[in-house]
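So the structure is just underneath, and the comments pick up after that.
In order of appearance the chains are A, B and C, and numbering begins at 1 in each one.
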Amino acid sequence: MNRIIPLPDKRNALVNSLLLALLMISTLTSLSTGTVQVSLADTLAALLGQADPMTDFVINELRLNRVVAGLLCGAALALAGCLMQTLARNRLATPGIIGIDNAATAFAVASVVGIGLSLAPSAMALAGAATATALAFGLAGAKGTRGYRFIVAGIGIGAIAAAITQVMLSRVAIDDANAAYPWTVGSLNARNPESVKVLAAGLALGYLVLMAITRALNTLQFADAVAIALGTRLKATRILGLGLSVLLTGLAVSVCGPVGLVSLLAPELARALSRPGKIPLTASALAGASFLVVADLLGRSLFSPLEVPAGIISAIVGSPYLLWILLRPTPRSLT
Amino acid sequence: MSRPATVALNVLQRCFTILVLAGLSSGAVTADTRSLDTAFGPLEISGQPKRIVTLYEGALDTALAVGAHTVGAVITRGGNHVADYIKPAAGNINIVGTPGETNIEAVLAAQPDLILAAPRTSEQQYRLLSRLAPVVVPDIPMFEADTWKRETRLFARAMGRADQAEQVIEQVEARIAEVASLVRERIPADQRNATLIRWMPQGPLVMAEGLFSAAIIQATGFRPNSKGLIKPGRPHSEPLSLENLSGLDQNWMFLATLNADGDKALAAARKSPAFARLNAVQANQVIAVSGQLWTSASGPLAALAILDDIEAAVLALQP
Amino acid sequence: MNALSANRVLASRELLPQLLVAGIFLLLVILASLLLGAGPISAHVSLETLTGSTHPDAWFVISELRFPRTVIAVVTGLALGLAGALLQSMTRNPLAEPGLLGVSAGSGFAVALAILLGASTATLTTVVAQLGALAGCGLVIAATRVQGLGNDPVRLVLAGATLSGLLLALTSMLMLIDQRAADEIRFWITGSVAGKPLAVLATTLPFIGMALMLVLAVAKPLAAMSLGEKAAVGLGHHPGRIRLMVTLAVALLVGSATALAGPLIFVGLVVPFITRAIAGPDIRRTLWLCLPVGPAVVLGADVVSRLVAAPAEMPLGVVTALIGAPVLLAIVRAGRMPSL
């Protein structure tokens, strides 16, 4: 690269503040857009608690919850994706691609439909995410997260989970199944306030832990021997990282369903912007939050009053990009 | 006209309007400040609401039947707008969502002074909606013969139109009696067994005996029977294998699809050999009906429309 | 090796018994399909009816309901099994499966679009499904020609899965826009052979016949190709022409199967996996064995779909996914993946 790279942390700080600005703009736009149009000034006033009761109701009670839920989900999925990419040293190894989100959905649907264990959706989604991850690793053999097997095993697990979800939905009354449908393809409209709170707590915890182990995570990009020489406890870091990405994925899915491509796209964007050599955790989280907020905004305004689930929007936007990564004649480091 | 004169006239006009309104509403208030039992506790409503949003097929039907002014409704299940039978009465009504999902902002924009909601409205949804206007969520057992009457009365009382509701219900009962006597006259007592089926691409669904339209069928003298294929509390069975169709064979079959109109449903079903060999089909006693009316709707207007369908079918029999 | 004709492969001592066993197995599955159902007609009564006693209800269920779906499942399985074997042999990728690579999704999207525009499953034109499959196939072949991708099974499969995901998202959007068509599309994209009249075969069999002729013509050169393109050229074959013919055959087969039963994923993966395990990697032997194994797999899945949810039925596509995905995992686990 010929460009002069600014001092390391300056560049990342710049990128982070840019992404933060983007997130604030998309959040405000999303808050002010809807069937009832509210001006930006009124939106801000409502957020500060100084608007008339109607505007206050629309912004703070109808839209804010949804936008915050989207923001949290996007950030959690993006962090999980970035983390898993780092652990697997494979930019395709994200929860969306290896089927963790589908498995979490299947478990959460089971709890909603009332088959088998009826724990809260958050707990069930977590259990699903953990099961899928364990399976993907177990089936990929002793080679851990490395290589293609992990990903193909994940595709298989995702397919099984999706089929099971379909079976469960075919066993309930058709009107119920139709009502549950948007959530099974990823949507913010049916979020459960309890699950959102759990997600917020999990995300805060996860983010703090990640910040604490950033240095160790950064060394994972090197060969194992180098990382060990640099003082990283490889196994512990991997297990902790994997546990966190399962936690974040499961909690996010319990709120928004399988919007898996966020976990690939947001880290991609963050990596493209940030200084190479470090893992852009914060940037990924900010980018993921913006992405999901915008996808949700598009989904509810494109065919208003009908809503297109955010998962469908993100698949339509994200799949072509993923295809482009995969089909480029000379891919960047795939493994 | 000079400026002071205009102002004076305006003031006069306003006073007059206020007087008239006060006269109207005071009459209504003294006549009826009522407490309703809803799924989320008792609800006090006074006066006669002028801007009603209905989030349930049965509520829209009742509102239109008693002549209330509706400013918003949800689409009927399986369609892109309200059901055809109610379109003439509803006109180009403002749509505020689907039965599964209400667009609360659209409800807000409609500025309702009363919201009539579906029996299964969630508490979360209820709390948001009740910030906009009083919300009536029926607490009436579903799938019983008189469910629709109790819902109609509840909604009508909320709208301050209980008298109109009684009139409409009487009208429906008179029609039931009319059609029932026609049925008695034309169809022997031992040949009135009937099935109500919704023909889905996945396979036929049997609708529950307690379903609204099944209750109307029963009131006219037919005997709907779902052969125990429905789990308790469900409005219909799962899509059945075609191999089970012959087990549902009865004297009469009312056949609907959720989407297309009845004739298309019949055409689709007739292509299936399992359907063609049913006794009801061979005796030409299959009545093709609209699924939106027969399996999604409820309320007095729906009852009248269903009774028209039954009457037409019985009249078409060769005496 | 190139001198071996199809007949001699067939007559070779090892293949014949395998083919015979597979054939007997298929017959057993067909018998099961005629005897078992989700309705009240028991296997015992069915067997009596088949052996001559008169039982009009049972005879009706067997002849008008179970027989047509048996025939349709057999034809579908035949087409999907062959298509999978051909595609895997040509791309040298054991994971290349029409469902996984997005060919079925292309076909499915085309049909969903047609339903939305006013066609119905009853009047559904085979041609729509064929065109969608052809477009999907074209994309896959174009993708394999991208430098590096042809040798990388995972990237190809992932690209296919992504394409499927994209098409599925678009299909879902169509369903949301028009609720009236949603039921029909939803039923169709999960895949089923129930309740379809035998007449649908009339429009698909000619396409399958054409595909079979292409397969006969291409089997030998394709086997030569597996020795390497240079070897094939040395033996007088034209790799480009072979690829074109295989692509066309796969598109015809998948399009027909999709028109018959909807987009069934994983069948094209499972069938060649089984046949290769029995007969080894030679494409000519694999193709012969696919003839009984493909139908047995799809028909077996259909029988399962009738029994597990009686008196309702499970969607066939769900059953094939539940059977197929573990096979995918087994292939991954077995290793030796990139080379076929």
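Basically, a contact is a pair of C-beta atoms (placed from the backbone, for glycine too) under 8 Å apart; a residue touches a chain by one contact, two chains touch by 3 or more.
Quantities reported herein were computed from a predicted structural model and do not represent experimental measurements.
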item: If a chain touches chain B and chain C alike, it appears here; value: A
item: Farthest-lying chain, centroid of Cα atoms versus that of chain A; value: B
item: Pair of chains ranked first by number of touching C-beta pairs; value: A-C
item: Computed distance of Cα centres, chain C from chain B, in Å; value: 46
item: Centre-of-Cα separation between chain C and chain A, whole angstrom; value: 35
item: Separation of mean Cα positions, chain B and chain A [Å, integer]; value: 42
item: Where chain A touches two or more other chains, by residue; value: 170-171, 178, 306-307
item: For chain B, residues contacting two or more additional chains; value: 98, 200, 238-239
item: For chain C, residues contacting two or more additional chains; value: 309, 312, 315
item: Contact set on chain B toward chain A in their complex; value: 77, 95-101, 103-106, 108-109, 124, 128, 131-132, 200, 205, 234-236, 238-239
item: Touching residues on chain A, where the partner in the complex is chain B; value: 34-36, 54, 57-58, 61-62, 170-171, 173-175, 178-179, 182, 189, 193, 305-307
item: Of all residues in chain C, those that touch chain A in their complex; value: 95, 100, 143, 146-149, 153-155, 157-159, 161-163, 165-166, 168-170, 172-173, 176-177, 182, 190, 265-266, 309, 312, 314-315, 317-318, 321-322, 324-326, 328-329, 332-333, 335, 337
item: Touching residues on chain C, where the partner in the complex is chain B; value: 37-41, 57, 60-61, 64-66, 120-122, 178-181, 183-184, 187-188, 192, 194-195, 197, 306, 309-313, 315
item: Contact footprint of chain C on chain B as seen in their complex; value: 75, 78-80, 98, 200-203, 229, 237-244, 246-247, 258-260, 268, 271-274, 277
